[in-house]
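Going in written order, the chains are labelled A, B, C, D and E, and every chain counts its residues from 1.
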């Protein structure tokens, strides 16, 4: 009996191989006509302003907040999934615990909500 | 107990009252003095109540404090402690009187000064009276704090440095002692199953302790006491402290505080570590003799009046240590009585020097000369104090010194002989001091300024401001005023009285010393003469 | 280990290879068909024919487009971070392909004499594989935007990533009720659990949440803000061309197929035949290769809805979109989960005596929570911002006030003076300084 | 973070989560864990208050809730402490509440009460010492109209649009309560995993609290970053140690580790590597010895009231955890490790004292002093006798009060730019405010361990216990270090009393009721514990840890 | 591969993380190194769980993940706030607290 993950690995290999092959072949297949403007960053036709992307570039805080909220909720899910799987075994105790957990989490959620953590302009 | 408690608490109360009154100097000063005098009365009462030859600890009492560690607030007086308490009770009012109008550094109040003095008095009495090692340690350290502020707050130019040095030395010593105390406690807990800090219990428990245990315990206590009663390599804080402290404080430091060290030798080092005491006696004796010689030689070289006195004291402490560790009753009685007599003699010397400084405005010996011609009474007082210091027969110190010498010679001839050299030197430097300051025609800038001679100071502020005496105006160098005479008189009386009739002190001391001797387990090689 | 897992576990390696290639081919073909179908359907809905030249009904149009893309020039902007730029499409496409492998397309069949299940992989944590692949796919988006070295892709990528992860929460929460009832994370297990009733009926709210989240997750209209042409040019793949662009395109459509298939699996009974049909012939339509048909039909109907939505609904504003996710879907999902958990737990506990009491208690809890989640919102809490303060945007940047007052035309009230400067006419009857007072406060 | 704690508290023991057998509802001794639940519950309520109460009214509400919660928790603790002496494990053996733990809880509660008072004070720094958004270097909010170059920094996880403009950042209260809850769990954790979770629950809010100063934002944020990075680093060590011990004993229950150390066939490498790593994590939290690097910077940069909270409570928690670990889990193997901690103790004392002497900033100096004190505490911690435990507990209590009051006083001395923490600013303080200087002197003397202060009694208790346990050389070293350390404090006293004040020097703010109360609490307890130590010693000696 | 190999890998990862924290200067990188350490621990825990034949170690890994996530949130918030005020995340630039 084979490891149940082997098909998954094979699928991954195929998918990755296909994608990598496509990416690799593209420059070889396509034409090559140099034009400086083409290689510049796209900026609706105007001369692109040299700007640092990443290091010095600024992004609205809201994105970070969203990322953090995602992490927190993801963690909540991390706990809910195993619970959901074994809910029947855990019985009423599990119900109480998980509701308590969700409600507690809800407090934080409400806080973020009220204080504008989910507001986008 | 009640009496002893009163002795401890009265100055404390006084300190609190005076501290509250410190904004109002006119109220604070008399309050402090009244308190000090009452304390003197109480001390006298204690003396009367005390029965020489009675219980080891009298007026004793005890309250449980930290049962967890077997600590009780126990107090009691033996003969040695009694005389020391009496000496404090005597000196403090004198110091208060002396400082009545003394100039203080900017921003300080006399009320604060007096309050701290009274606080210090209370703590010192308690230190002498403590019969619980833990309580003793606690008081030993707390005592530093008012003294630290007295020196650091009211002293001379380099007072911060002196105060810091004083504090750190003593604190370090205290902590080492604490280690020993804990060791003793732990040993007691191990052997008897009940940890305790009670002095009497520890004494019996430790008497059977192995020598190595005793040695460690002894060394710990010794470190603290050797710093306190400055033995030579650990003495350097004293000259600085004495030089920078105001006169009144210097009296307390040299006269009383240091005695805690020698007192500790007698009360704690010897009984708690009897075997180790004998084993390590040569060490202490060596340090003591070095102290005698070194102190005397240093005294020669000093150009500063107060430092000179400090070194004189160092020499004398060496002498006391010699007496204690000679392990004869005579020598120990001598040493114990020397503690009293030294307090009286040196206290007087410091006060007189203070009066000189108050007039001359300088502490350098070179600034003085020929004062006796202008101020004969002052000269006389200096002479009496000086003679007492150099133990002229007929003065109080002589009796003690003599006892130490004849007591220790049989057991420690070499050390005794060397120490005797110190006596000779003492005669030389004391007389030299007197000669340079008092004799001859008036000379020296301070004196000439004061009498209005050439080179007079132009800054009137530099002169001491004194409300009733001293150099209140330029061109005058007054002799002692009534207050000063009044405060010196009791000391003069005592110098002479104890010189010719030391029995009151010796009678009180001797039983305690003998008890100590028996605790150490030493018998005299020669029969004790009991004093005279 | 369930029956499906045992069947699949016995697969010989050749069968596995066949399945792998088959799945791959299925996904690629589905992509091509979906693109074509989308264009045709939208064309119909918009009263125009749509592509109709390449092949019958223009069916080969997408294939032609794909081939065309392959022969386009491969441009890499100078500012791009070379390796990450190249890697990004791969990262995007690979997990999209992998995710589908856990979907059960059908039940037990016999292929070349080998009994097996129509499913590539059967794991006890299949659902997590889907979620994991979805998460990894986000990396492709973010890396693509970041590595392009260009502002539009970066902003597009951020938006896209924020959107995907936001809706991933809602999606994940919608799974929980399903798992609760199926008692397993295995997809075939979930399908098996729906034999007697599909979950979309039992768990309608979860289904709705999933359906919405599914659209958001795949960046499809009306939630296609990252690629909002009018705002962000082309979103995170603005700087991509040629086959790299094709990979992103491929990934997007495969994701659509995958989420549709997952919806089928989780809520529409997977490959089970629909209601009247499974009664036919004692369930014969649930055996053999029939299930593939039902599965494809269900999946395609979801794909049709995707297209339908695109043709029908206008695009949401970004804040509306995020509000929908964070302020509606997520909280309500949580409440829903509480309710489902409580009801199920109480029922299973057989607490007949106290059942009523617990129901009431649960109801109260749920009501309270609903109330709590309904109370906030609307105006931001701190309204006491003083008049003269700079209003801060989310990131603390000063922004001009919304009610910016346009200054009146200076020409109307000023005359040129000798010195060439303009000054207010005296007849205005105002202090000269008053003009500065009228300047918008918020702008200084 | 409270979520995590709640989850840790609410979920069944690890073995039960995924197992398919039916799980029993673990019995919960509500009486024993009531204080914990009150504190964490109040923290949750605090979060809701932040969400729903209008900004203007948050401060009083939050202060009320926090103080009330701590008081209430204290009451419940007192009631429970009366009932039992033996202790019990509860919540599926994740928490063990015994006499020593109750003492630690009491200590934490009363200290955090004081710290909350300090934090709540708004009179010294108008509007309180905490703020969410300001602009980088400039103080406070820029006047409207100036172009804002650097946008306001959203420092907490949640940005707050206008809270910076008015009032105080009231999130500090729930954060403090969460941290307190974590500390309480930390002292009671019966397995390493609970301990780890508690460690994070106590740390994470602290990291945030460090960065919330209204004045000197950069310093504050820098402190937060440093604390965070080093703290996370140390947690990782703790965790790896946990993993190794799990590998060694097959369980992370302290009692089972103890059983394994008594006789296990497994490799001792795992045991000692694990123990070492776990202890390093704890030593870091307690700012001991060579693991102190964060301490001066964080103490310096954090808002002073938070520093007070950290210095007092974190130390209690860290040493509480360490004591528990050493007493319960590793007593049997003490002969193998105790010399290492011996060295750590000495190093900590030496580092604290020597580097403390070179400091020019009062907060940094106190930080180094805390490192030295950590060394003294280590002496007690490695004394694995009942007496050593009691002594260390007492020391923690005593030190906590003193240091709390110290930071209370530090917050009073200010210039126009905020707190004047440079030592030179403190010159001649006695002339400006004799009372403050006097109080501070008393506290410094307590830190130095002068008799009649709690500092002395603590040291004495610890040293005598260590001495009795045969660690005389260590005690002597510790005593010498105390003597050296005295210089550290005397230096400040000299400055305050015997130097002349700078005419442009700082002023002493008149403290509001809150700070006054906190400082008074600290000072009075410092004195009381020094004079009548039996008040606390009795309780500290009731009994040890249970497991 | 025997479990020992996993343990060694875990130790190696942990060491890499440690070294990274000690030598790198970018706060974000430091932070990621710490996360690497935490995940190395997870690997150890799971391996030990396998050796033990119990599931406890895996459950612990859960908790570690949760804690790591909480740390991420708090840490990013702090680092971000510093970055926004001083435009740099190099810990060498954070030198106000040095003497």
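Criterion: a contact is a pair of C-beta atoms (placed from the backbone, for glycine too) under 8 Å apart; a residue touches a chain by one contact, two chains touch by 3 or more.
Being a predicted model, the structure only gives us computed values, none of them experimental.
Minimum number of contact steps separating subunit A from subunit C: 1. Shared contact partners of subunit C and subunit D are A. Just to note, of A-D and A-E, the chains joined by more C-beta pairs in contact are A-D.
Averaging the CA coordinates per chain and comparing them to the mean over all protein CA atoms picks out D as nearest. Using the mean of the Cα atoms as each chain's centre, the chain most removed from subunit C is B. Among the other chains, B has the CA centre that is most remote from the centre of subunit A.
Distance between subunit A and subunit E, defined via averaged C-alpha coordinates, is recorded as 20 Å.
Per-chain Cα centroids separate subunit C from subunit E by 31 Å.
Subunit D and subunit E have Cα centroids separated by 24 Å. With centres set at the average Cα position, the gap from subunit B to subunit C is 91 Å.
In subunit E, the residues that reach two or more other chains under the touch definition are 62, 66, 70, 73, 77, 80, 84, 87. Looking at subunit C, residues 376, 380-381, 394-397 sit in touch with two or more other chains. On subunit A, the positions that touch subunit D within their shared complex are 58, 61, 65, 68, 72, 76, 79, 82-83, 85-86, 89-94, 97, 100-101, 104-105, 107-108, 110-117. Within the complex formed with subunit B, the residues of subunit D that make contact are 390, 431, 445, 448, 450-452, 456-457, 460-461, 463-464, 467-468, 472, 475-476, 479-480, 482-483, 486-487, 490-491, 494, 497-499, 532-534, 537-538, 541.
Residues 2-3, 6-7, 10-12, 16-26, 44, 47-48, 50-52, 151, 154, 157-161 of subunit D are the ones touching subunit A in the complex.
Per the touch definition, subunit B reaches subunit D in the complex via residues 65-69, 107, 134, 137-139, 141-142, 144-145, 148-149, 152-153, 159-160, 163-164, 167-168, 171-172, 175-176, 178-179, 182-183, 185-186, 189-190, 195, 216. Residues 5, 8-11, 13, 16-17, 19-21, 23-24, 70-79, 86, 89-90, 93-98, 101-102, 120-123, 128-129, 146, 148-154, 158, 161-162, 165-166, 168-169, 172-173, 175-177, 179-180, 183-185, 233, 238-239, 242-244, 246-247, 318-319, 322-323, 326-327, 330-331, 334, 337-338, 341-342, 344-346, 348-349, 351, 365, 369, 372-373, 376-377, 380-381, 393-397, 399 of subunit C are the ones touching subunit A in the complex.
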